[in-house]
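Please find the structures below.
Okay, so subunit A shows up in both of these, paired with subunit B first and subunit C after.
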Partner chain A sequence: MTRSNFILLALVVGIAALPMFGGSYALRLGTIACMYGILALSWNVVGGLAGYPSFATAAFFGFGAYTAGVLLGKGVPLAVSVPAAGVFSFVLACLLGAALLRLRGHYFAIASLSLIEVFRELVNNATDLTGGGMGLNIPLTSTAGVMADATFFFYLMWGLLGGTALMVVVVAGSKLGFGLACIRQNETAANMIGLNTTLYKSVAFGLSACFVGAAGGVYAAWVHYIDPSDVFDILYSVKPIVMALIGGLGSPLGVLIGAFVYLGLEEVVWRNYIQIHSGVLGVLIVVLLLFLPHGLMSLRSRLLAWRPKRV
Partner chain B sequence: MLAAQVLINALVLGCLYACIAIGFSLVWGVLNVINLIHGSFIVLGAYLAWGLYQSLHISPWYALGIAAPAFFVLGYVIQRLILNRVITAPVLVTLTLTFGLDLILNNAMIYYFKADYRKLTLTPPMGSVSLFDVVVPIDRLIATASALALTGILYLILRRLRVGRAIIAVRLDRDAAMLMGVNVNSIYAIAFGLGAALAGCAGVLMALIFPISPLTSTAYLGKAFVVCVLGGLGSVSGALAGGILLALIEGIGSTLIGPAHATTLSFALLIVFLIVRPQGLLGRKGFE
Partner chain C sequence: MSDILRLQSVSRNFTGLKALRDVSLGIGKGEVLGLIGPNGAGKTTLVNVVTGVTPASSGTVTFMGRDITRVKTYQSARLGLSRTFQVVQPFAEFSALDNVAAAALFSQPGESIRSARQEARAHLAFVGLEAQSDQPAATLTLAMRKRLELAKALAMKPKLLFLDEVNAGLNSAEVERATRLIHQLAENGITIVMIEHLMKVVLNVCTRIVVLHNGQLIADGAPRDVIKNPAVVEAYLGQKYAQRAGAHG
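On to the complex of A and B.
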């Protein structure tokens, strides 16, 4: 295991201590931090390792949220609903991936963006099952106090983040990760030397959707109410990309740190400029892409410029 | 008669869809950038028409003449100052950058105009024509004609003018065009400006027909996606074919299975087209 992956896991373990230091606000923030971490790390598998510009995160987030929400509404316990959301997302993403990942570049980006629209419209129109535009009320999972509930969901989201981090570390060190790096560098060549690129890409897409779907499920149970425009928000697709760009593409540790930095910025903007928060986010994106295209992690090597640069 | 009405509606709407998509298609084809601000440009154009009509009583037909140069300058400046810095970056970067610009523009519009839906209502209303049992509102008919005229103007610019030939040359082969003495950066900016101008004009026309709100920008952008992929990238005739095909499918789909599913249908079709025929109806393979 590389040092940066070790720091990644240590960081995730460290977050677990958060409830000892803060009140309910810190718990809420911590839960969102874990959720953003999951989204960003998952996106990194397909966007960073395999180099496919996926905008499908929101589609699987919403799919997971609705899967878990509907199951919870039918009386299925949380311990079954959330894993179900993850497994269904995995299977769906593998199947869709086998078809969509044959596209490259701009065409893949457009297709993955359209996936969000398709899912949102389907959920919007399946009123009997999902409540359509009225949204879906999800029954409370426990009758314990507010604080106990908040702590429970924090640890649930944290556990998922831990699972995602482990998955990322395992993938990066495995044959799959190596294959994905080959695909990123030259897909045709990788295919020529006998790499089953379709299989690798599909599995990577599935893995990146799996934890996102489960996180959507936890989110649904946590906030008790979801509606299509909330969980199928295209921002859920763009935020992980911005986080990854803040941290530096490809490096899991950088991506996770990017997620936390992004959350900090977002929180400051939300608290102070609620009217123009999305505009400020836009400015942040533009400035970041123009002036720091390789992320915060590149600053380290830029500051230590006398070290030979990696190619 | 229902069939005839659906067909006419689709033709009228299809030309408008083509007008929405054509600027987007031009930018994608020439700059190789998926321009996510396109939807907000359209809405801004609609607000321009609305504002001019409300405050100065300038009719939308004249507003076209104001919108086109104003948006051209806006697009030219945005490309020169911001987009040009990352023009060679991978799709992820350019797409996210235009998304950021879209957030800024859209937020500004929500801030100044609020998210309420507005409507430009011509006084007196222009009424409608009916031939046999087919009814078409006149303002919609004129909007369609203007959309067709705009499309035609772009076609002429690309075919007849020196700068248009240069745009096509850059689109076909950037390096060869550069070697022939074409200033690629300036062509990029002009193409982006043209795309913005077309979006602004499309917005002026949309203001006549649809309600105006910053929230509708994603719907316009979605239409542009679908039309581009259906018709094939970068060609004027492709956008026209894609627009009419999309309008036909939406019209027939709404009539047969209900209007709620029209959007799902069009996006499902988009994905199928991407997989089966990514070069679009009229596109040629390898020409992208």
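On to the complex of A and C.
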């Protein structure tokens, strides 16, 4: 395992200590941090490794949220509903990927974006199953009290983040990761050396949807109420991309750090500039990307490059 | 001699343009076939049809007794059909070693990344790139990248190897070096089809020449006979070349 992957896993383990340091606010923020981490790390599989700029994150987040939500409503336990959301998302993404990933570049981006709209409309119209635009109430999973509940969902989301990080590390060191790097660099040549590019891309798309779907499921159980405009919010697609760009495209550690930095910025800006918060956040992101186009991870090599000059 | 590859009245159209018209051709095991013809004659299209990049519009392609007309590119690569590109196609960020390792890894079943890298070293040494094995492919010179293409193709353990203008853009010393490599490959028993504009190389290496013009085969035979064929002189070589070759040969 490379050093940066080791740091990645150590960072994830470190987050588990968070509940010791704060109250419900820290728990809420921690849960969202883990969720953002899952979205960003998952996006990195198809966007960073394979080089396909996917905007489908929100589609699978919403799909997972509704899958788990409907199942929970029918009395299926949480321990089954959340894995089911992950597995269904994986299968659905593999199938859709085989068709969508024939498109490249901007065309793929637009097609993946349209998935959100398609899923949202389907959920809106399947009123009997999903409650349509009225939203879906999800029964409480426990009656242990607010704090216990918050702690429980934090660790659930944290566990998913751990799973995502493990998946990413395993993929990066595997034949799959090697193949995806080939596809990113030159898909024609990848085909020519005997690589089944359609299969590899589909599996990558499936893996990038799997944990996102499960995270959607946990989110649904956590907030007890979901509606289409909430879980199929395009921001769930855009944010992971911004996080990956802030951290450094392709590097899992960078992407996870990017997710936390983004959340930090979001919180600080939200508190201090409540009326113009999205504007300020936008400016900050543009500035960051202008001066650090290769993300925070490039700072390390830059600092190393500076050192000899001072000597 | 049994044919390793057989094309049966193969045509390929690109919306109105007939790039290949009714081409029938058999290639014997162990042959070194020169495929020549003017620009736009359909030479690269022929390679693309055989390797499944642009499947034939009509006709059949048989490789080692198996119909591969509709076989996908990655499958034909695993069957032992390998090619180099006219415009080199490296994995630019990868080291030379990983470029070759990728070819070994994905074309051979049961290969691991570690064993693929080991094999790659041998192939890099064969084409004389061992000193550059850790260098990113993007930083290599054109001549080196052409040899890298060759090493990649070899890592796939090809039974039939298409060389699409491996000598284009090289200086004479580099051409000589590449020619020596091709000779060695032929000696190792690999069937080779080379697309080439340098007649010196074609005559030096090939055991047989076929000529494409406007998507049709206009000549097929021993090198000495083909270059004297009036249709070939008219379409491709030109009168001056024929006179010079006549004076020398």
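Here is the rule we go by: the second predicted complex is superposed on the first by the 305 of 311 C-alpha atoms of A that agree within 3 Å, B and C clash if a C-alpha of one lies under 4 Å from a C-alpha of the other, contacts with A are read in each partner's own complex, and residues count from 1 in each chain.
Criterion: contacts are C-beta pairs under 8 Å (C-beta built on N, C-alpha and C of every residue); 3 or more make two chains touch, one makes a residue touch a chain.
Note that this is a predicted model, so its numbers are computed, not measured.
Q: Given the superposition on subunit A, are subunit B and subunit C in a clash or a fit?
A: Aligned on subunit A, subunit C fits beside subunit B.
Q: Would you check which partner chain A:T188 touches, where first means subunit B only, second means subunit C only, and both and neither mean what they say?
A: second
Q: Give one of first, second, both or neither to describe whether A:F178 is in contact with subunit B, with subunit C, with both, or with none.
A: Once the two structures are laid over each other on A, A:F178 reaches subunit C alone.
Q: If you stack the two complexes on chain A, which partner ends up touching A:G145: first (subunit B), second (subunit C), both, or neither?
A: In the superposition, A:G145 contacts neither subunit B nor subunit C.
Q: How many degrees apart are subunit B and subunit C as seen from subunit A, counting from C-alpha centres and rounding to the nearest 10?
A: That angle rounds to 80 degrees.
Q: Given the touch rule stated above, what does A:G75 touch, subunit B (first), subunit C (second), both, or neither?
A: neither
Q: May I ask you to decide whether A:G47 touches subunit B, subunit C, both, or neither, giving the answer as first, second, both or neither?
A: first
Q: Looking at A:G105 after the superposition, I want to know if it touches subunit B, subunit C, both of them or none. Which is it: first, second, both, neither?
A: It touches subunit B, and subunit C stays clear.
Q: First (subunit B), second (subunit C), both or neither: which does A:N196 touch?
A: Touch partner of A:N196: subunit C, not subunit B.
Q: Looking at subunit B versus subunit C in the superposed three-chain picture, what is their shortest Cα distance in Å?
A: 10
Q: For a test of understanding, state which residues of subunit B touch subunit A in their complex under the given definition.
A: 28, 32, 34, 82, 85-86, 89-93, 95-97, 99-108, 111, 218, 222, 225-226, 229, 260-261, 263-264, 267-268, 270-271, 274-275, 278
Q: Quick check: in the complex, which residue numbers of subunit C touch subunit A?
A: Touching subunit A from subunit C are residues 51, 53, 72-75, 77-78, 82-83, 85, 89-94, 102-103, 105-108, 112-113, 152, 156.
Q: Can you check the complex and tell me which residues of subunit A touch subunit B?
A: Listed in rising order, the residues are 47, 53, 55, 99-100, 102-103, 105-107, 109-111, 113-115, 117-118, 121-122, 124-125, 234, 238, 241-242, 245, 275-279, 281-286, 289-290, 293.
Q: Along subunit A, where are the residues that touch subunit C in the complex?
A: 175, 178-179, 181-182, 185-186, 188-197
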